[in-house]
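After this come two complexes, each holding chain A, first together with chain B and then together with chain C.
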Partner chain A sequence: MDTVAGATTTARTAAILAVPPRRFVRLPDLRDNQVKYLLVLPAMLVVAATAIWPLAYSLLLSFRSWRLARSPVPGPFIGGTNYEQAFTTSEFWLSVGNSALFVLLSVAATTALALGLALLLVRGGLLRRSVQSLLILPFAMSPALVGISWRFLFNPEFGLFAAMFGTLIPPLAGINWLSTPALAFSALLMADVWAWTPFMTLILIGGLASLPQDTIEAAQIDGSPAWRILFGIIIPQLRPVLVVVIILKTIFALKQFDVIFMLTQGGPGHATQTLVYYAYLNGFKYYDMGYAAAVSWLMVVPMLGLTFLYIKFVFRRAA
Partner chain B sequence: MKRKGGWGRVQDGLVVLAAIVVLLPIVWIALAAFKTSVDVFELKLFFTPTLQNFATIFEPPYLIHQKLLNSAIVSICVVLISIPLATCAAYSFSRFRMRGERAMLVTILATQFVPAVVIVLPFFLMFRSLGMLDTRPALILVDTAIVMPFAVWMIKGFVDGIPLETEEAALVDGSTRLQVLRRVVLPMAAPGIITAAIFAFIISWNEFLFALILTRRDAVTLPVGLQLFNGQEGMQWHLLSAAGLLIMAPMIVLALLVQKHFVQGMTMGAVR
Partner chain C sequence: MHLTRRSLLAASAAAAATPAIAQGTAVAGAPYGLKPGKPYNGAKLNILAVVTPQFQALEKRQAEFTQLTGITTAWDFVPFPALQDKVTSIGVGADDTYDVVNYLDGWGPANAHWFVKLAPLLQRDGISMDRYLPGFIKAASYKGEVTGLPMRSHGQLFYYRKDIFDQLGLKAPDTWDDVIAAGRAIRAKRTDIEPLALSYHNDGTRQSLFHWCDFIWSSGNQILNDKMRPGWTTDSAIKATEFYVGLLTREKVANPASISFVEQDSRVSFQQGKSAMIPIWEWAYSPMVTPGQSVLTAVQVGFTKWPTYEGRAVSCASTLPFSMNSFSRKQDAAWEFMKWLSNPVMDKSNAIVREIGGMKIINNVVNVTENFLDAEVNAANAGVPRACYESLKESDTLPMIPEWPQVGDLLANAIEQAAGGGNVRTLMTKAATEATAVLQQAGYR
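Showing the complex of A and B:
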């Protein structure tokens, strides 16, 4: 350590930081053995109280009948009736369809745009680095504020975006986006993609910057066309990071509520009503607690699957 | 070569376009905050700015300072509860092997991915029977839930990066583990802990669904308070924009402070 020249210290520190931490396995101290659990306990209690308990309670509730408007106490257990009701209600399937479409389109658009933008920005330089630092801004904006801002931007009379689209695509001039089902869905999608693409771009810039440059440079010298370098070299090497981006975006798209509530309220009709919004309506508008819990749990199951996938990748990368 | 130069210029153009797309909604809202109730209903880029909106939102019926106070108190309390607990847990996760360690870390991570609607339903029922709906403590408790996983994973990432030597030296000198945690680890991990605290603050400041369902009048926070501007004469866009600017301006400053650690924080360590 003493021989390290000043100039390389930074690199050394970086190398040390990159190595996973050693652990105090060689200090089998009795006190440590108690301290370590004591330190974790409060945090685990909070997690248990604020996540595991509500999940368990919801599961239990999903097998009961409880209309809050009629009774202040939970009703009897009714087996799988709530789930049966969901599976036989067309509005439920409509919401499932909307959620699926929303997730599919928002994940595809966000990933493609973020990859493109990351490729544009990764080269560095003053312009690109300043633009990169702007990418944090949508995160600072409350999703509720994003939703309501986009309602302003798509106002048919004085909305900036409505006017811009009307000028670029004449058939859309003067149209009320939020009262036209397909356009309301598009506006919602745009708001979501606007809010999330910058974040995904930042992840991908990190991924791109850590790719080994030699194969890419060799291919460039060989005169390979850019698209072949992208699909043959860059994307395959970037796969682990792309998988993280896609899983995270899928989860966040499934969870999206704030923007929907503020922008379209699930409308017009049921055009933008996703599964989360359907669960919200049943719980807090119709006060059908048992049914809302059942719908929620039908959402938790695929979510747990995705989380499991995500964790597999996190730990594989850490190992 | 000539074609490459042209392509380079196209790329620069696309970069600028991306910047405009990111900024446009934010700038448009910021501008509208300074427009009069007449100007805001027209597509005007140039107008005579007014500060009147910022005065109006503090008057009845909006009383935005009450929502501001609620937001500030809730966010500060969430930080004060979650960060110390998360720091202790993160240190332990980073330095020791424990029975069920992996299961615990995975559980903490997984709770982040559960839809908020599922979490809020039991809490709504519980606070309702306890008479705690529309109170700040209720909101603080539930907001802590969404902040905790970020905080634990982020701080763990920072503690992982601290070399062990100083800690070992202090332990050999006879310090207890908790003394080491306080005197050695805390100062060294301080930048990371502060970053996590800023993250926690931003997340609970912007939180919407819990506040929407658990508050009604007294404990309403800023994002939920935005609905106030949807009055009988329709949406008061100039006032809404002023309140919107009030919500986002401090968060933009905070976000710029932590942007270096943004990706690591949001992916909970999956991407460094």
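Showing the complex of A and C:
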């Protein structure tokens, strides 16, 4: 039995040895330039098809005449006529002014409120635990839903705000928020700030939590007043995070569309018509695709500048 | 056997349909002029339509169409404020996703280049557009060519709270001066309700112009004159606009919220018992008396023809036609669908049968002229269709030009600003100057 077993073992060993050594596939050198480009190619193709091509096409379109109501295909190249038309149209400049004011007020109000909330919540405890999850809600809501909800809230007959302001601030009783330019603009700002403040608060809570505590504690021991600690220590140290918040919010405010579409539709008159809404009107309501493309590209310029700043700032910090 | 009103209506609809189906079958082998032999069996059509009970009811009837033709359909319902964008995006992208599209008449000219011209098909299959009122034919055509079939056609009526009018001893208004007088009486004696719901806000759909244009036409003016130039700056047109805006700013009989109301807001205000009068389309009767949508019952809702201004009442006719997408690769099957969808028997049945496929639907909209006057249709809808027909006798449509959305927006913005306290003449003159530039740029010399 042993002999047989020994013979079997020997035969098995011989068989194993008889098998030629397996040839392993040589893995490519990941440092190889060609391979790394090959790996990112699918992603590049997707980006090119969904972002770069439409952008390039719209840039071309901005130099062509295309009245969709007259022709299903773009017309001839007309040079910078669409851009010239924008610069000489008062409605365009009105939209630029509205956009600038909206961005300024929206960024300032959101940042200030977010900072205040972050300072309140950064201490932790029950307040933070309960509020932090609630903060996600406005940000998680679809912007179109935000707009339509606020339109209901401001409804002069059924709206919560109409009733609330009327009760709490009697001079505001009976005021129709969406009927006058200044109030409609304020309503739009309120909706935007409400939707974005929570997200910015969460970013700032993260920033505050990462600040070194020793300088703050030292100042507290020295008896520095709270406002001095805030403006002299916390805000300067928080500056990099604040800059990111401001840049991001500026980009979001510049391209705000959904809430305007649902809440005010650019009105009353043109009071809340921003550049994005103006481009939309010309493209999808008035069928002037060439002009709408030109207006959109005029908006791309500041957006690209801001994006460049953001990338530069974030990556410099990371480095 | 217990006969309910509903079963009677259903039976009469079926009875009405039977001869037509039988006749169609005897002549061509399939009813409604459909091709016999199911040549497009297995085809699937995609339909884009506005959200409305009328079309939801038609969707529920698709089984009949599939049984007759072998064609199936998938409907996408889009809310009205988003419909124009959706239709435009099909044109921009030369998109064949939808085989049949539904749109507001005023957007038709701008999209006509990709709508199938229907005249040859209508002629081939012996369908006459004469079955529709002239206003609806005009609204479904561009440059004299039929591009769509009127499928949600409207005329305007003046609705009022009958119970309040009775209580205050008021009679249904014949003129806009009567409306003002009734408004003053309501304002004086009923502090719990606003007299008149209007909608001055421009929400991008230009619905606010449907009231204004009536004043312009009734005053003998045109929105665009024969030379395609603004006609709203003559003295009488300015006076008419001042009158219309003055219902809110001068006479103060309009609900103050009207300045930020769109059509839907003003209708909801009436339905919720917040306003006592409203000039609006005939279709609004259904939601006004539908429990769950309204606090009112049929006995509280009265209606009358469009009030006169300066002794004349020219109201607005409007329709949301269905057109065939020329980018579609299933145009033949789509035409079968159009024939089935628009046939007069279906039109009538859809306005009298109140439950389809287990779904309760109240719809009082008809499109075919004979159905406006049909006894059964009127019995089922409190006589609203006949009143609508009377209102449509003297009516017009908004200008059917591709540039109308832009020109209309200029007007709607001016009117909204005037309702906010701006000077009517200044604003309307400015709108005219800007509209002239748009029209000139478009080639109207």
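The working rule: the second predicted complex is superposed on the first by the 284 of 319 C-alpha atoms of A that agree within 3 Å, B and C clash if a C-alpha of one lies under 4 Å from a C-alpha of the other, contacts with A are read in each partner's own complex, and residues count from 1 in each chain.
Here, a residue touches a chain if its C-beta (ideal position, glycine included) is under 8 Å from a C-beta of that chain, and two chains touch if they have at least 3 such contacts.
These numbers come from a predicted model, not from an experiment.
Visitor: Using the superposition on chain A, tell me whether chain B and chain C clash or fit.
Guide: clash
Visitor: Of the two partner chains, chain B (first) and chain C (second), which one does A:Ala112 touch, if any: first, second, both, or neither?
Guide: The answer is neither, since A:Ala112 touches no partner chain.
Visitor: Can you tell me whether chain B or chain C touches more residues on chain A?
Guide: Result: the larger residue contact count on chain A belongs to B.
Visitor: Would you check which partner chain A:Phe158 touches, where first means chain B only, second means chain C only, and both and neither mean what they say?
Guide: both
Visitor: With the two structures laid over each other on chain A, which partner does A:Leu281 touch: chain B (first), chain C (second), both, or neither?
Guide: In the superposed model, A:Leu281 contacts chain C only, not chain B.
Visitor: Looking at the overlay, does A:Leu178 come into contact with chain B only (first), chain C only (second), both, or neither?
Guide: In the superposition, A:Leu178 touches chain C alone.
Visitor: Once the shared chain is lined up, is A:Arg70 touching chain B (first), chain C (second), both, or neither of them?
Guide: It touches chain C, and chain B stays clear.
Visitor: So in the superposed three-chain picture, is A:Met289 touching just chain B, just chain C, both, or none of them (first/second/both/neither)?
Guide: Both partners, chain B and chain C.
Visitor: Once the structures are superposed on A, label A:Gly266 by its partner contacts, choosing first (chain B), second (chain C), both or neither.
Guide: Touch status of A:Gly266: second partner only.
Visitor: Using the superposition on A, tell me which residues of chain A are in contact with chain B and, in the other complex, with chain C.
Guide: 72, 157-158, 261, 283-284, 289.
Visitor: Note which residues of chain C are touching chain A in the complex, please.
Guide: Residues 84-85, 88-89, 91-92, 94, 109-111, 113-114, 201-204, 255-257, 259-260, 265, 269, 272, 274, 402-403, 405-406, 409, 413-414, 416-417, 420, 442.
Visitor: Of all residues in chain B, which touch chain A in the complex?
Guide: These residues of chain B touch chain A: 11-12, 14-16, 18-19, 21-26, 28-29, 32, 40-43, 81-82, 85-86, 88-89, 91-98, 102, 104, 106-111, 113-125, 129, 141-142, 144-145, 148-149, 152, 159-164, 171, 176-178, 181, 202, 205-209, 212-213, 222-224, 226, 235, 237, 240-241, 244, 247-248, 251-252, 254-256, 259, 262-263, 266-272.
Visitor: Could you list, by residue number, the parts of chain A that touch chain B in their complex?
Guide: 16-17, 20-25, 27, 29, 31-32, 35-37, 39-40, 42-44, 46-47, 50-55, 57-58, 61, 72, 117, 120-121, 127-128, 130-131, 133-146, 148-153, 157-158, 160, 163, 194, 198-199, 202-203, 206-207, 241, 244, 248, 251, 254-255, 257-258, 261-262, 276, 279-280, 283-284, 289, 292-293, 296-297, 299-300, 303-304, 306-307, 310-311, 313-315, 317-318
Visitor: Along chain A, where are the residues that touch chain C in the complex?
Guide: 67-72, 154-158, 174, 176-181, 261, 265-270, 281, 283-287, 289
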